[in-house]
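Dropping the structures in below, format is C-alpha cells.
Two complexes, one shared chain (chain A), two partners (chain B, chain C).
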Partner chain A sequence: MATDTRRAVVDLLGRYGILLAFLLQVLIFSQLSPYFMTGENLLNVSLQASINAIIAAGMTFVILTAGIDLSVGSVVALAGIVATTVCKVDLPFPLNIGAGIAAGLLFGTLSGLGGGLFVTRFRITPFIITLALMTIWRGAAFVVTDGRPVWELPAEFASLGGGRLGGIPVPTIVMLAVYAVAHVVLTRTRFGRYVYAVGGNIEAARLAGVRPQRILLAVYAISGVLSAVSGILLASRMNSGQPNAGGMYELDAIAAVVVGGTSLQGGRGTLVGTFIGAMLIAVLRNGLNLMNVSSYLQQVIVGLVILLATMIDQAKKT
Partner chain B sequence: MLLRTLLLAAVLLSLATLGSCAKKERAATKVIGVSLLNRGHIFYKDLEEGLQEQAKKEGYELIVTSADFDLGKQISQIEDFVARKVDAIILCPVDSRGVGPGVLTASQAGIPVFTADIAAENAPVVCHIASDNIAGGRLAGEYMAKLLNGAGKVAIINQPVVTSVLDRVQGFRDALSKFPGITIVADVNGQGVRDRALQAAADVLQAHQDLAGVFGINDDSALGTLDACEQFKRDKPPVIIGYDATPPAADAIKRGSALKADVVQYPKKIGSSTIDMIRAHFAGQPVPKVFPVEVGIVDQAKLSAI
Partner chain C sequence: MIPDPDSRSLLEMCGIVKEYPGVTALRGVSFDVRSGEVHCLVGENGAGKSTLTGILAGAVRRTAGDIFVEGRSTDIASPIDALRRGIGMIYQESRLVPELTVAENIALGREPRSAGGVLIDRAAVRRIAEKVLSDLGEDIPVTARARDLDSAQQQIVEIAKAFARDLRVLVLDEPTAALTEREKLRLFALIRGVQAKGTGIIYISHRLEEIFEIGDRVTVLRDGEAVGTRDVADVDRAALIRMMVGRDLDKEYPKEDAERGAPLLELRDLSTRDVHNVSFAVHAGEIFGIAGLIGSGKVELSRALFGEQRSTGGALYIDGTAAEFSSPADAIAKGVALLTEDRNALGLLMNMSVAENITLSSLGAHRRRGFVNRAMEQRTAEAYTALLKIKTPSSDTSVAALSGGNRQKVILARWLNTGAKVLVFNEPTAGVDVGAKFEIYTHIVRLAKEGKAVVLLSSDLPELLGMCDRIGVMCHGRMTGILEREKATQENIMELATPDDTGARHGN
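Let's turn to the complex of A and B:
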C-alpha cells in the first residue's frame, strides 16, 4: 500500500513535475517582484522565450532520435546574416523581405540536411558533426561579414520580430504556431511515430519497416530550419545581422528539452514538456533580472534549477 | 617548377637585401618589431598610423607584421624579431596569457617588450600602453549626470568578466557617486553581445518603468538596449550612453535616437604614445608599468560636425 502511494506520487511528479515546478516559480516571482505579473512583462517573457523555444522544438525532434544538434546557435547567427544580406538586394518591398526570409530558411534547411547526411551516410556521431558545423558556421559568419554587423536594412525588416499582431509580439505567435504544428506532426502522424521508434530502438524500427536514414535526415533538417526561423526573428529584433549572435544557444535549447523531460537516450519525451522547459528557463532569467540578482549568482541558480528539474524527471524512471 | 624556383630566388634575394640593410643601419637607427592583432580593423589601422608617424619623427625603423588573431603566428613573429636582434618589440597580444612565453624569450634575449591596447599577463613587459578605461567610464558618468540634470534611476548593461569593462564600470560608478540624486538601480550582464544585451535590457526596462538612463559598456550593449527601448515604445525612453562609437552606434546618435553619446578611444594616440615610451626607455629614463591614453566622448553635435 505504502509503495503504491509512493508510486502514485512519483508518477504524478514525473507526469506533472515540470508543470508544477513552473507554476511554483511563477508564484514565487509574482510574490517577490511587483513587475513580474504585469501583462507587459509576461508578453516580454514570451518574446524572450520564443527564440530559444523555437530552436528547442527542433532540438526535441533530434534528441528523440537519440541525436544532438550543437550547430543551432551558429545557424541562428548565419541565417540572420544571410537573411539580412539578401534583404538589402535592390528589390521592391515585399520581394526583398521575402527573398531574405527564404534565403535564411534555405540555409537552415541545407545546414540541417548536410548534418543529417553526415550522420546517416558517413556514420559520424551527431555530436561531432554538429560540433564541426557549429565551428564552421560561426567562422563563416565572421568571414562573410568581416566581423562587422550587417545593418542599414529596409525599414520593414524590423517589423518581423519587433511587430505585434493584436497586441501579441510576432515571435510569440510564430512560436505558438511552430509548437502547434510540431505537436501534431509528432503525435498524430506516421512520421512522428517513426521518430520515437528510431530513438527507442533503431534496429527494431528497421525490422518493422521504418527507414531510419530518412527519419534522421528529416529531424536534422527540421532542427536546421527552426534554428533559421529563430535566427531571422532575432536579426529582425536587432535590426541587424550579428556574427556573434546565438552564442551558446545550443545549451539553452538542450536545457529546455531535458528540463522538459525528454530523454537524451532518445525515444521518450514530448513537445509540451519542451515548451514548459523553455518557459521555465525564460521566466527564471526574467525573474532574476527583475529582482536585480547579480549575474554571477544567476548562473549558479539557473544551473541548480536545471539540475533539480532533471532530478524530478529522473524519479519517473526509478 | 620554374615559377617556384624564381619565387624562391626572389624571396632569398629580398631576405639577403633586408639582412644587409639591417646590418648597415644597425649602428645608425633603432629597429622596432611590431606584431599587431590584425591589420584589417580600423582601430589597428589608426594605431599603426600613430606608430609610423611617431617612429618617423624619432628616426626609428618599424617592421610591422600582423598576427591575424593567430597566437602561433604571433609567437613566430616574436621569434623572428629575436633572431633579427631588433632593439624593441611592440605587441598587441592575441591572447593575454598565451603570449607570455614569447615575451619571456624576447626579454631573455635582452630585447625590451612593450604592449599596446591589450595587456600580457605574468610577462616581463616594460610598459603597457592602452586607453584609460576608468577615465572613459568617468566621462560616460559625467555626461549621464549632465543629461539627467543630476537626478534619476540608471542601469548598467555590463559584461563583468572583462578587465577593461570592469574599469569602465568603475569609472562610471565613481563619477555618478558625486550625484546623490542619481541611483544605480540595476547592473545586469548583457555578455557584451547585442542579442543577450537586448534581453537583459528588456528585463531592466520592465523592472524599472521610470528608468532615466542606461550605460552600455560597449556599443553592442548600448544598441541592444536601444532595440529593447524600441520594443516597448515608451513615451520617454531612457537616455543611453555607449562605448567605442562604431558606425551603427554613431549612426544611431546622429539620427537623434535614445542613444545620446559614446565614449571614443584614440588608437592613433596609443600608437604614438607607445613610441614615446620606447624612446624614454632607450634614453634610460624610467617608464611607468602602465601608460593610460586619454579617451573622449562624442554626441550628436560633435558627430554632425565631423
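Let's turn to the complex of A and C:
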C-alpha cells in the first residue's frame, strides 16, 4: 500500500511536476509582492517571456528529433537586421513593413534549411553545424552593419513589438498563436507523429516508411523561421536592428524545453511542457526583479531552479 | 561430479547449464579438452556455442555445472580469472588496440615495470614480444602498429598475446572468417605448432571442411545440448550435418496449401553490393523460404527488396511491373513490407503506444481533413489487437511494456494494415515463445491463403521446412539453389548453405 501511494505521488509529480512547480512559484511571488498578481504585471511577464517562448517552440521540434539548434540567438540578430534593413526601402506602408517581415522570415527559413541540409546530406552532427551557423551569422550581423545598429525605421515598425491589440501586447498574441498552431501540428498531423518517430528511433522510423531526411529538414526550418519571428519582434521592440541582439538566447530556449520535460535524447516531450518551462523562467525573473534581487544573484537562482525542475522530471523515469 | 582420475583432460566441463530469463541456452553440456588436441565445436546459430565458450572465457556465468582445470574444480568469475587459469579466447574480429604496437599489445595489461614500478620497461616489453613471436616461428616486427597488420598477422599477434600469458587452453572462435586461403593455411600451421607444445585447443567454425583439416575430435551442439562427441576420423560431412540439424518434424507448423496465383515478386539476376545475380519468383499464395548462414547475404537480400541497397544489375518486379526503390518508403508505397530481424532496434518505436506503432506505416489513411484522427487510429489498433490476440492492457499502452511475442504481433499488425502484397519476414520467430510462434505461423499461412506473396527468411531450418513451399539457399551472396518442398531436407539445405572452399573463393 505504502509503495502504491509513493508510486502515485511520483507519478503525479512526473506528470504535473513542472506545472506544480510553476503554480508554487506564482503563489510564493504573489505573497511576497503585492504588485506581482496585477494584470499589468502578468501581461508584462507574458511579453518578456514571448521572445524566448517562440524560439523554444521551434527548439522543441528540433530536440524531439534528438537534435539541437545553437544558431537561434544569432538568427534572431540577423533576422532583425534583415527585416529592419529591408523595411527602410522606399515602399508605401504597409508594403515596406510586409517586405521587411517577409525578408526576415525568409532568412530564418533558409538558415534552418541550410543547417538541416548539413545534418541530413553531409551527416554533420546538429551541435557542430548549428554552432558553426551561430558563429557565422553573428559575425555576419556585425559585418553587414559595420557593428552599428540599423536605425531610422518607418514609424509603424515599432508597433509590431510594442503595440497592443485589445490591451494585450502583440508579441504575447504572436506567442499564443505560435503555440496553438505548433501544438496542433505536433499532436494532430502525420508530420508531428513522424517527428516523434524520428526522435525515438531514426532507423526504425525509416524502415517503417518515414523519410527522416525530410522531417529533419523541416524541424530545422521551423526552428529557423520561429527564431526569425522572435528576431523581428525584438528588433521592433528596440526600434532598431541590433547586431548583438539575441546573445545566449539559445541557452534560454534549451532551458525552457528541458525544464518543460522534453528529453534531449529525442522522442519524448510536449509543447505544453515547453510553454510552462518558458513561463516558469520568465515568472522567476520577474518575481526576483520585483523583490529587488540583484541580477547577478538572479542568474544563480535561475540556474538552480532549472536544475531542480529537471530533477523533478527525472523522478518519473526512476 | 568427479572427473575421471586418468583423464588426460586439461579442461573439463560437466553438466553445464545456463539459463537466461525465459530461455535455457545450455541444458547440461559436458565437454573436455585434452592436452595437445584440437577439439572442434559445431552447431547451428543459437545452438549454444558462444554461451559455452563465454562461460570458459569468464564473460558469462553458468547457472549450474562444474568446471575442472587440470583436475581441480574451478570457478571462472571474470575474463581476468579465465586468463589466470590459463584459458584464452581469440575472437573472429581482432581485439587488438589499433594504435599500439605489436609488442605493446602483447604486453597489454601486464606490462613489466621499471623505476620502482612507475614506468613501463619498454625494452622488456619488446624482449617478451620478440621471444613469444620467435617461439611461434613468426617474424612480425614488434614495433609495427597493430592497425598496419593484415588480418592474418593480427590473428597471430592475438595468439602470441595468449601465449605470453602461458595459456593451457586456447579457444578460437571462427578464426578464419576474415582470412584468405593462404592466411588460413598459415594459421593452421601455427595451430599445429601450438598443439605440439601440449596446449589444448577449442576450435569453433561454420566451415565444416576445416574441421576435417585441423580437428582431432568434434562435439556437436544443438538446442543447448551436446548431441555427441566423435573422433574426426570416424565421421563424415553428411554425418556431421545430420547431427547438427537432425530433429524430427511434428505438427509444429500449421502449413496449408494455398492456391498459387500470379507472380507478385520477381527477381531477375538482381545484384547489389552484397548479393549477386539472384533470380527467383514468389507467386500469390506462396511462402518462399530463404536459408543461409550468417554472412550468406540473406539479410542483405531482404534489404535489397526494400530499397535499402541500390541494385547494380538485374531487375525487380512487383506484381508484374518493374520497380526500383530508393527508400523503404518507396517499397511500402508499392506494396512491399519488411519485418526486420531485430524488432526492438529496427522495428518498434519504444517511445510510442501500441496504437501509434500499428498505424505508423499507414498514417495517411488515418487522417480526416489532413489531421490524424485518433478515433480511427483506436479502431484500427483495437481491430488488430483482437485479430492477432495482442495481449496489452490498452492500445494506449507503451509498446515497451509488451512481451516479445506481442511486440512481434504489433509489427505484424503495422504491416498488415499497409495492405502489402509482398511480405518479407526476417526471423519472425526469433526470441518468441512457442505459443506465440504457432500464432505467427498461423497468420503467415493465412496471408498466403489471402493471396499474398510471403518471403520467409530464417536460420531455423525446421521452420523453413515446415512452412515453405520452396526454399532458396544463399551462400556468399549468391542463391546456390532453390529446393521444392518435397525435395528439401535439412541436409541438402546445409549442403547448399555451407561454403566448400572452391565455392568460397568464387563468391568473393
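Everything below uses one rule, namely that the second predicted complex is superposed on the first by the 318 of 318 C-alpha atoms of A that agree within 3 Å, B and C clash if a C-alpha of one lies under 4 Å from a C-alpha of the other, contacts with A are read in each partner's own complex, and residues count from 1 in each chain.
Following the convention adopted for this analysis, a contact is a pair of C-beta atoms (placed from the backbone, for glycine too) under 8 Å apart; a residue touches a chain by one contact, two chains touch by 3 or more.
Everything numeric here is computed off the predicted structure, so don't read it as measured data.
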Chain B versus chain C on the shared chain A, clash or fit?
fit
If you count the residues of chain A that each partner touches, which comes out higher, chain B or chain C?
B
Could you look at A:A245 and tell me whether it touches chain B, chain C, both or neither (first, second, both, neither)?
first
Check whether A:G58 is in contact with chain B, with chain C, with both or with neither, and answer first, second, both or neither.
neither
Figure out whether A:R188 sits in contact with chain B (first) or chain C (second), or with both, or with neither.
second
Touch test for A:S33: chain B only (first), chain C only (second), both, or neither?
first
Contacts for A:G67 in the overlay, against chain B (first) and chain C (second): which applies, first, second, both or neither?
neither
Could you say whether A:A197 touches chain B, chain C, both of them, or neither, answering first, second, both or neither?
second
Counting only touches as set out at the top, which of chain B and chain C does A:A208 meet: first, second, both, neither?
second
Can you pull out the angle centred on chain A between the C-alpha centres of chain B and chain C, to the nearest 10°?
120
Could you tell me how near the closest CA atoms of chain B and chain C get once both structures are overlaid on the shared chain, in Å?
36
Identify the overlap between the chain B-contacting and the chain C-contacting residues of chain A.
none
For the complex, give me every residue of chain A touching chain B.
33, 35, 38, 40-41, 44, 47-48, 51, 146-149, 151-152, 162, 234, 237-240, 242, 244-247, 285-286, 289-292, 294-296, 298
Tell me, which parts of chain C touch chain A in their complex?
306, 327-329, 332-333, 338, 340, 345-352, 356, 360-361, 363-364, 367, 370-372, 414, 418
Sort out for me which residues of chain B touch chain A in the complex.
40-41, 158, 160, 185-189, 191, 193-196, 198-200, 202-204, 206-207, 209, 220, 223-224, 227, 230-232, 247-248, 251
Complex interface listing, chain A residues touching chain C
184, 188-190, 192-194, 196-197, 199-201, 203-211, 267-268
